[in-house]
Amino acid sequence: MLPSSNLILQSVLDGVFLGFLYSLMALGLSLVFGVMGIINFAHGDFIMLGSYLVWILANSLRSDPSLMSVITVPLFFTIGAAIYVAIIRPVLGKEPLIQIAVTVGVGYVLQNLALMMFRAEPRAVQISYLNFYVNLGLVSVHTAKLTSALLSLFIVLGVHYLLTKTWVGLAIRATAYDKEIASLMGINVGKIFLLVFGLGISLTGLAASLWMTFGQADPYIGSSFGLLTWVIIALGGLGGVSGLLASSIIVGVIQSLTMTLVSPSVSLAIPYIVFIIVLWFRPQGLFGKG
Amino acid sequence: MRARISSFVLPALIVVVAGATVPFLVGFNQYYVLLALQSVIIASIALAWNIIGGYAGQLDLASFAYVGLGGILATTLMTEYNITPWVGMFLGAGVSATLAFFIGYPLFRFGVKGVWYALSTAALVVILHEVSIMVLGSFDYYIPFVEGWYYLRFRTWENLYYFSLIILAFVISLNLYISRSKVGYYLKAIREDEVAAEAVGIDIRKYKLLALMTYASILGFIGYIYIVSQRTFSYKTFDSSLSVYIAIIGIVGGLGSVSGTFTAALILKVVEEYLRGYLGGVLPGLHLLLFGVLLITVGILRPEGLSTLTDALVKKVKARIWGGAP
Amino acid sequence: MMSKRSFKKAISKTMSLVIGLIIVIAVVAGVLIYMTSLPPTPTTTPTTTPTTTKPTIEKVKIGIIEPLTGRYAVFGQEAVDAARLLVDIINNELGGVRSLGGAKLELYVEDAGTDPSSAALAAERLISNYRPHVILGAYISRLTAAVAEVTEREKIPLVMDALVDWLTERGWNYVFRIAPRASAHGKAAVDFVLEMARKTNVTIRTVVVLHEDSIFGTTVANGVRSELIANGVIPNETITYAYTITDFGPIISKIRDLNPDVIFSVPYFSDGILFAKALQASGIKVKFIAGAGGCGYTDPDSIREAGEAVEYFTNTYSYNPARQTEWNKRIVQEFQQKYGKLPTEAAGIIFYSLMFVYEGLEKAGQMFPENPLNPDNLKAAFLSLDLNDSNSKAAQLYPTGKIKLAPNGENLYGGTAILQVIGGQPKVIWPEAEAGVTPVFPRP
Amino acid sequence: MSDAVLLEVVNLSKRFGGITALNNVSMRITKGEILGIIGPNGAGKTTLVNCVTGIYKPDGGKVLFLGEDITGRQPHFIALKGIARTWQKIRPFYNMTVIEAVTAGALLRTKDVLKAREEAAEILEFVGIPRSKFEVLGKNIALIEHKLVDLARAIATKPKLLFLDEVVAGLRPHEVDVIADVVKKVNREMGITLGVIEHVMRFVMNISDRIVVLHEGRLLTQGKPAEVARDPLVVEAYLGTKPV
């Protein structure tokens, strides 16, 4: 049976919404990698941790998951700062393999902590103020997804503004450009790193709140989000907010179309194949400042 | 010259002889023999990883892509066409090496390295996992029970254990041989600094590809043993978390250290089994959590892993045997 | 390459001789010791159980291997809880196995982990430490297969609580399954829907099969499809997804596009909740959603979490917690008292499987008083049982009320009950409805 | 000293984005000489070496080595042809021992590891690393030793032409003298032609037979050290851009 054009249109729309949320998920990783050069393989697992936290909070406070960001964002900033001091700072500037090993270790700990505490079954928040569809004729829009997409876009642009228009942003970009020169200019690089890592992790807490308005938490979602966000960074390159948004939307749309046109069982294979092939032909766009 | 040959054959021989006594020591208790078999399989895979990960310094996270592909090929040849795994395992090795070539050639050709290499290989396992859902469907493929050396399938575990011990010995000597040969020097130079390595005349693409294909073909060969020890295969054989686990063993053991990697594989497997056996019902996933902590600790405090300890031990043993000369 | 030549040259003759000699000696010695030490090892003496042939049997060892860690731990934990309860009841309320002089059951629990490697280790460990007379397990088909190979070698009867069809089709001699096989779930769902459609004059034009892609989900869905086709209904589309799915959006879009009359859905756990809520939110009108495979939609947890969204959904169950027989009511009540929740599928299967083992042991004591625990005698006793509600507690716990094993160990009367959520409560509606309950079809 | 041309660079250009790092540079290195390559920061010295040794692909022009066109070939091919180099920022093999690192270089011309090790040992002693340091890991030695090991590693590939990229940067004065002696020895006793990129004028004036000066990607002038030092263009280039 041939898919109708309606279905394709609907899938593309779903994919775009998902893509905006992905861009928020990838933003923190992009910052941490771009500014600090830290290869964080535990990024997805922080989103997983956030999702469980949101699940607990929203269910016990009987409130919408997106409102939980009020709690998760500051909390995750603190967690991020603590992890930076305890684990990331000692491996700054070490070879990539060691950084990857350490962050894989962090991811492993988070994943199995979640498994111990919450067991393996996926969990979804039962209360959501926005869980309905609005029919627009050709397509229908899931309000929770629309809202999370808009909020994601808003935050991504907000962070972009922060980086380009404020003094702190300038300091961050200077640090990203050249640590030594930045510290000569009187920027406290250590503080900037702390700030950036904290910000990167707090953004996962925010993404998790939006995610839980329609998704579910499970100890293993971290691995797929982790790889997916890296794919987005690889496709979009570092630095540009437009590149990040574009590649997120591409990944979201590919995934959504694969799910409707091929099979939901293989929704990751095609983005990953695209990723590997893009790596071959655009390695220069991938290594950032080089 | 003599010392050189014995230096990579003798350790393997010691491992085989010592390993061969294990079933006798445990009185052929199948539980311990199976545990020994699984440890030897994991150790062989981790030591194969040592070639690409430890020597060449490429963080490969795709080990079970090659184990799965080679193993499923050999198993299918046996169950569908009655072709003995003695042939099938070599074909499995060939197919895995071919996959490695098609993955590795463009990656190295276009200079994909570091985090991007790791991610590409991690993606490879997921791709194979999902493609195999399409090809195999979500079924378990059970290997029908046909006993004998022709099928390398037995009721009890001893024979498979002895066989895998020989594979382990081969992988150990290969590792030691590589580390003392030109290839080994070149791979280590690539691991340390690709640009500098290339400037002293090392064709980094060629040597990385060589390392990758050697690693993949060993895994493709072991694949059948792995699957036959599992009794079934399915798309789940392409296991990303096990692939990461192999890399963890390599890092915890110490990059490029044969004794370290071997020791880490044995210790982690035994700890995992101990925790499953005694604490499994109480704290699920505890052993993986501990491994995570171990990995962080190693990364921060001892990037050389267990290797300094085990290397010292090996040196002492050597000194006993040869009276001082290393 | 360079290695070969220099390698060959490098091995001096004496060195190679020494190495060769060591290998030959090691191999010969190994084989000799292996040969001579074979007979006394326990592995090759499986036919003689360690228990003496005298009638004084004090205990019967029951092993249970379930996934207690990792992804499948939810089910394994509940199964072990159920086994503990039942062993308690058998030992204390029923006085042990009376035909064996009141021998008590002793339960040995082992964690199967998450993959076949750990499951095989679990089986080997359990057997080498305790050598149980009967083993139950291991819920997941891959794990069960790994366990079955070991129990088969050791000739220990394995009563499986994994439902996937092929497990009884491998020619294993000591495997038994009381629970309905996976495809029976699919078949039941279709039979129920077609029967209701006939009764209520609803025409079914478009059918979608939606299932999670594990082997269990796939086998159940195959049961759905073949039964549909046997009845002349060709499913329009089969949608598969991984049960870890996080977003049903694209699937909902596809369903909107297909606009089916009936959806046969095989969920895993909370993917069912997620789907039900997404479908509710979408406002798509589907005449009926028939679940199959025992998990999701109608279990108390799902109803609590999904609320309104699963109203009038049905699901097939390997176990019927609402079955109004004396022993079923009693055990459900005790389970609820002890663990504070209703038993679901995982517990239910253990209820009747273990009760069946108990009744089989009674029978074996009568049939073979001199050696009741011999595996072949146990098998003969298991196969000779013909149970129904009036003569058996196990049958009272079973959805169809009848248990009789075929020579391959499969229950000839394997069948499921269908439950429907009516007014927020799970009600049994098929094959016979509970008192005072009528199935709601189609959904209003 | 023969006048045979070893390396000829013709109209070499290299751009990075909008910046022209090398602009139509042509020069020659003759067999046996020590050529100093100097110029202020950003003059294109390192870019020139990177283009010759294959690290960068030039955007225009040609590199001829012993008359063979090696423009844009891969670094390992160029190393095999006989051009070696050291690095401005040291690139040591931290987790290999000193002797292993140099052996890796020596293996370019042999497959026999033992032979390569012997050669490596000789070269290490030649540059002044004592045998007691041979089995020390790269991460455990001092900067001056790194410079010497880097040099030994490059020499081990048996090059005809060796580029030294700011080999004395970061060293103390007496260490600079040590390196100067070694460099002269390498040229005289081993017969290796040298291209010495340098910032430290005293060092480069002292050891070079001839000097080329780059400025803003162009060849400014060339000649004997004494002539170049007096050239007003050179003085201006240095003073004009880099107030010291």
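As written, the chains take the letters A, B, C and D, and residue 1 is the first residue of each chain.
Definition applied: a residue touches a chain if its C-beta (ideal position, glycine included) is under 8 Å from a C-beta of that chain, and two chains touch if they have at least 3 such contacts.
What you are looking at is a predicted structure, and each value in this text was computed from that prediction instead of being measured.
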Counting hops between chains that touch, how far apart are chain B and chain C? 1
Quick check on this structure: which chain has its C-alpha centroid closest to the centroid of all protein C-alpha atoms? B
Considering A-B alongside A-C, which chain pair is linked by more C-beta pairs in contact? A-B
Most distant chain from chain D by Cα centroid: C
Would you kindly tell me how far, in whole Å, the mean C-alpha position of chain D lies from that of chain C? 72
Averaging C-alpha coordinates per chain, one finds the centres of chain A and chain C separated by a number of Å equal to 38
If you average the CA atoms of chain A and of chain B, how many Å lie between those two points? 33
Centre distance in Å when chain A and chain D are each reduced to the mean of their C-alpha atoms: 46
Shared-contact residues (touching 2 or more other chains) in chain C: 2, 69-70, 73, 213, 240
Provide the list of chain A residues touching at least two other chains, using ranges where the numbers run on. 115, 119-120, 263, 265
Multi-chain contacts in chain B: which residues touch at least two other chains? 1, 4, 133, 138, 181-182, 255, 284-285
In the complex, go through chain C and note every residue touching chain A. 69-74, 213, 236-237, 239-247, 249-251, 253-254, 256-258, 269-271, 273-274, 277-278, 281-283, 305-307
Of all residues in chain B, those that touch chain D in their complex: 1, 4, 180-182, 185-186, 188-189, 191-193, 195-204, 255-256, 304
Can you list the residues on chain D that touch chain B in the complex? 53-55, 74-76, 79-80, 84-85, 87, 91-96, 100-101, 103-105, 107-108, 111, 113-114, 116, 138, 153-154, 156-157
Of chain A, residues touching chain C in the complex: 1, 3-4, 6-7, 10-11, 14, 17-18, 115, 119-124, 126, 131-133, 135, 140, 142, 145, 211, 214-216, 218, 220-221, 256, 259-260, 263-265
Under the touch definition given earlier, write down the residues of chain B that touch chain C in their complex. 1-2, 4-6, 9, 13, 16-17, 20, 23-24, 27-32, 34-35, 38, 133, 137-140, 142, 144-145, 155-156, 158, 162, 177, 181-183, 229-232, 234, 236, 239, 273, 276-277, 280-281, 284-285
